[in-house]
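Residue numbering begins at 1 within each chain, and the chains themselves are lettered A, B, C and D in the order written.
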Amino acid sequence: MHIAAVKKIIDECENTKTILFDWNIEAKPGQFVMVWLPDVDEVPMSLSHLSGTKGITVEKVGEATAAIHKLKPGDKIGIRGPFGNGFSKAGSSGDSRSSNKILAIGGGTGIAPLAPTVEKWAAEGCEITCAIGGNTKSKLLFSERLKNTGSSVHVATDDGSDGHNGFVTEVAEKLLSEQKFDRIITCGPEPMTVIMVQLASRFEVPIQCSLERYMKCGFGICGSCSIGGFRVCKDGPVFDGRLLSSLAEF
Amino acid sequence: MPSSRTEIAGIEMQNPTILASGILGQTGESILRVFKEGGAGCAVTKSIGIEPRDGHGNPCALELDNSLINAMGLPNPGIDAFGDEIKIALKSGKPVIGSIFASTPEDFATLAGKMEDFGAHAVELNLSCPHAEKYGLEVGTDPGRVGDILAAVKSKVKIPVFSKISAMVPDIRGLAKTIEASGGDGIVAINTLKAMKIEPEIGKPVLRNVYGGLSGPAIKPVGVMCVFEISREVKIPVIGVGGITTGADAIEYFMAGASAIQIGSGVHYRGIDVFKKVNAEIIKFMEAHGYDDLSQLIGMARGV
Amino acid sequence: MPSSRTEIAGIEMQNPTILASGILGQTGESILRVFKEGGAGCAVTKSIGIEPRDGHGNPCALELDNSLINAMGLPNPGIDAFGDEIKIALKSGKPVIGSIFASTPEDFATLAGKMEDFGAHAVELNLSCPHAEKYGLEVGTDPGRVGDILAAVKSKVKIPVFSKISAMVPDIRGLAKTIEASGGDGIVAINTLKAMKIEPEIGKPVLRNVYGGLSGPAIKPVGVMCVFEISREVKIPVIGVGGITTGADAIEYFMAGASAIQIGSGVHYRGIDVFKKVNAEIIKFMEAHGYDDLSQLIGMARGV
Amino acid sequence: MHIAAVKKIIDECENTKTILFDWNIEAKPGQFVMVWLPDVDEVPMSLSHLSGTKGITVEKVGEATAAIHKLKPGDKIGIRGPFGNGFSKAGSSGDSRSSNKILAIGGGTGIAPLAPTVEKWAAEGCEITCAIGGNTKSKLLFSERLKNTGSSVHVATDDGSDGHNGFVTEVAEKLLSEQKFDRIITCGPEPMTVIMVQLASRFEVPIQCSLERYMKCGFGICGSCSIGGFRVCKDGPVFDGRLLSSLAEF
């Protein structure tokens, strides 16, 4: 376990903060960590910042996330990981497409692992189109950060306060019908992911989906996070859409 | 090619590697995967109790140097919800052992009866989990109590009954004799060692439950010792578990007297196909040393 | 600079690192070197018995992954030949604790009396060696027997009496309470874990004695757990031992409740000056975290 | 523990055999190993061969060494080590002499660790004079092997059957009075070593002596091999003559 002192805290959007800390370790975009708040809990969080300084971006939804929101610079947290497979430009085995043109679909804090992925792949020369969604304008995460990568960024809000009035999946459907993508990556609420898997199948584009499940060990031995025999913490959190379609539990 | 087939209390296994209880054994689908992708010869389910149980809060598992520590706290869906999982696991066509925990002989008997009804090939009594109050180690060190539990379970079921015991007892041979005398069909040794981790930078225990169980390579020499001691003392088969990640580790346990071995933490160290890998290494060892049959190795270091 | 001085049952130590019994403690000259070159704050002698003893044959010690295993078998020159060694060790001006082993309360008392006469600052009762028949672990797990031994020793000597116990008991808290109730002045935990090593290529146990004791980093999480459990239960001081090779390891034991720590295998892992190194690391940690006095750390993880 | 199969057995001289085995590990001249003969014993033996193929050279004196003499090619033995410090051209600290001209004094199986040392140092350009002793001609170890290094080799036998009639220390004394050496290395029976330490002190030449003590652990924790607080297995087996002179037990 790595013990990190909180270095900086950034208010990202309503109810969501980024916690930055130093941790000298290689991590891949889409990987997550287990964050220990002593006396409170330990919860899984995607890495939203991957350079020398690492970061997590956390929405307050309950006790552990509230404790994260109360952290001050200098406070110590325990970090285990990085865990999981992360997004892959190469795709899963048997998938030999190139990854020049990518569609990234994110909802809520699901945008947290997408942002560093888009940053990295854009820098490597991919042409990325992002579509991100949230309840309302003040809850949209990382829209500026994504734009700064040079990607085109489409926005959807449930209340129409910014961009498309409706679900981000509707934006995705439009984009898929207009353009040809080599690959889709997605992270967000499970209903969004389910629709994206269907869209990807319809438009015959490979899709990688990052899932969330209740986690205990984080490294693949306890089985708490199983979905159809696969461990979200170890075999995932990023799964190929075709695998997910084949699972009864999804 | 030499054969690593083995047999314990009438249960035939194509290979002697068994999934240990508590590792990926909470759902039927996971167990299926351990068989298909992993190559296990047999699997033990997560320990199941009468009622559903959440287990301990997080953090509940972490990696230490050369070992893992966990305090899952026996999370499980309760016996009644577990029949479906067993049924899925049985689709593999391989033997499935139902692990159960309880505080009383009656509850152990009830659980064993249901496991038998679900189609489990055997039950494994968890007499050794070191981090769940009122269960496991707390009921499993006193020979009198263990005898009572076995008597109740044996009068209830026809399938073989294995007892999984801890190394943290002063007289493991006495305990083994009690188990044999009470009709036990086999002994599984060892469970995790009671242990804990404190984080100096924080000044607190890391596990939410404070205490946990140590597993992985660090405990192997203790496990091998227990198997050696037990198998010198009793005639019923012994299943070795603790720190096995390679074929050489497994061979140590066979030579100590184990008829089969279980792998838990090894899934972390070498992946889900650790069973395939370990079995291939066992066969390679047998080939290199001219053994045809696993039974030639069993108990060898005892001069058997 | 923060101070790492500590005190146990009236014995003052300039630093809290103590040479564990059985490591280089067979001669006065070795102990002197552990003080001078090694920087230990206190030393425990090899366990000494009534009669001279050769110990077990070779092989009697080997290195495993992350641990050592040994079956020295309590080789020692016998108590009467040991007075001169204690005298040499005492030239250091530092506290020397005489470790003793026996099978009966009377022999323990005799040995303790002689250690007191030789000038030892305390005695440590070896109630836990796992590889010497009739001694150690075989006399040290039954609270009744331990109580009798302590009663005999306490009525014989005035110097503090420490009891060194094993982790391989089902109820370490009960044992600790018995020791406190019988007048024990401190508890040392833990000794090596009973273990063994089989060499697959040879098909035999490696240690001549078959069984040995596991020490070194692998056993630390078990030792920390024992110290935590014991120090929650009793008011007498606890000395932590098992797998300490760094300052961070020592801090874990202090936070668990140890008032001082012993180092054995660490001499192998980091050299004879492991005591100096560990103490320097303790002080550095205290400095970095703003602690002035070791007592601030002791029991911290228990919420003390 | 390394398990080695005996590769080759060489009859060296009366009652003394070399056992060769493969063991891919770095070892320094003067280091030793613990040799496990299953069901018999485990005993310390100097490495007499240090290249890819390692070797020990063993005189039969008791049960364990008799078991070693009974080994056949293919038999398996356990090897722990290499242990100890070995000989050093640099000498102990504070000794800044160069090591061009070296005197190597060996008696009996003490010649076993000297031979690879002389081989190595001669190849590195040292000018080495050897003096070796034994009871009788048929018991002299490695005289040809030493000559092959290009070193000058003097011989002494107790019965005069070869070379000087008498002790090898007498040959050493003569050499020391005739020539100026930078360093002496020695290994042999302890009385020989004691005399060599006295000679070295008289002629003011630094001396390194390899000692033998009863050994159990071999790696410095049990204390069985202590001499004046020093561990022959770990602080030795090679000690500086001045340190030895200061020890009451020597």
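Convention: a contact is a pair of C-beta atoms (placed from the backbone, for glycine too) under 8 Å apart; a residue touches a chain by one contact, two chains touch by 3 or more.
Keep in mind the model is a prediction, meaning the values are calculated, not measured.
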Touching chain B and also chain C, the following chains:
none
Report the chain whose mean Cα position is at the greatest distance from that of chain A.
D
Let me have the rounded angstrom distance from the C-alpha centre of chain C over to the C-alpha centre of chain D, please.
37
Using CA atom averages as chain centres, what separation in Å is found between chain A and chain D?
66
When the centre of a chain is set as the mean of its C-alpha atoms, what distance in Å lies between chain B and chain D?
51
Indicate the residues of chain B shared as contacts by at least two other chains.
204
Any chance you could list the residues of chain A touching two or more other chains?
none
Indicate which of the five shapes (line, ring, star, complete, other) describes how the chains touch one another.
line
Every touching pair of chains is listed here as A-B, B-C, C-D
Under the touch definition given earlier, write down the residues of chain C that touch chain B in their complex.
64-67, 69, 137, 141-142, 167-171, 193-198, 200, 203-205, 210-211, 214, 217-219, 221-222, 224-225, 228, 248, 251-252, 255-256, 285, 297, 300-301
What residues of chain A sit close enough to touch chain B in their complex?
1, 3, 34, 36, 38-39, 41-43, 76, 78, 80, 215-224, 226, 228-231, 249
Please output the residues of chain C touching chain D within their complex, sorted ascending.
22-27, 29-30, 32-33, 46, 55, 57-63, 68, 70, 72, 75, 199, 201-202, 204, 206, 208, 264-265, 267-268, 272
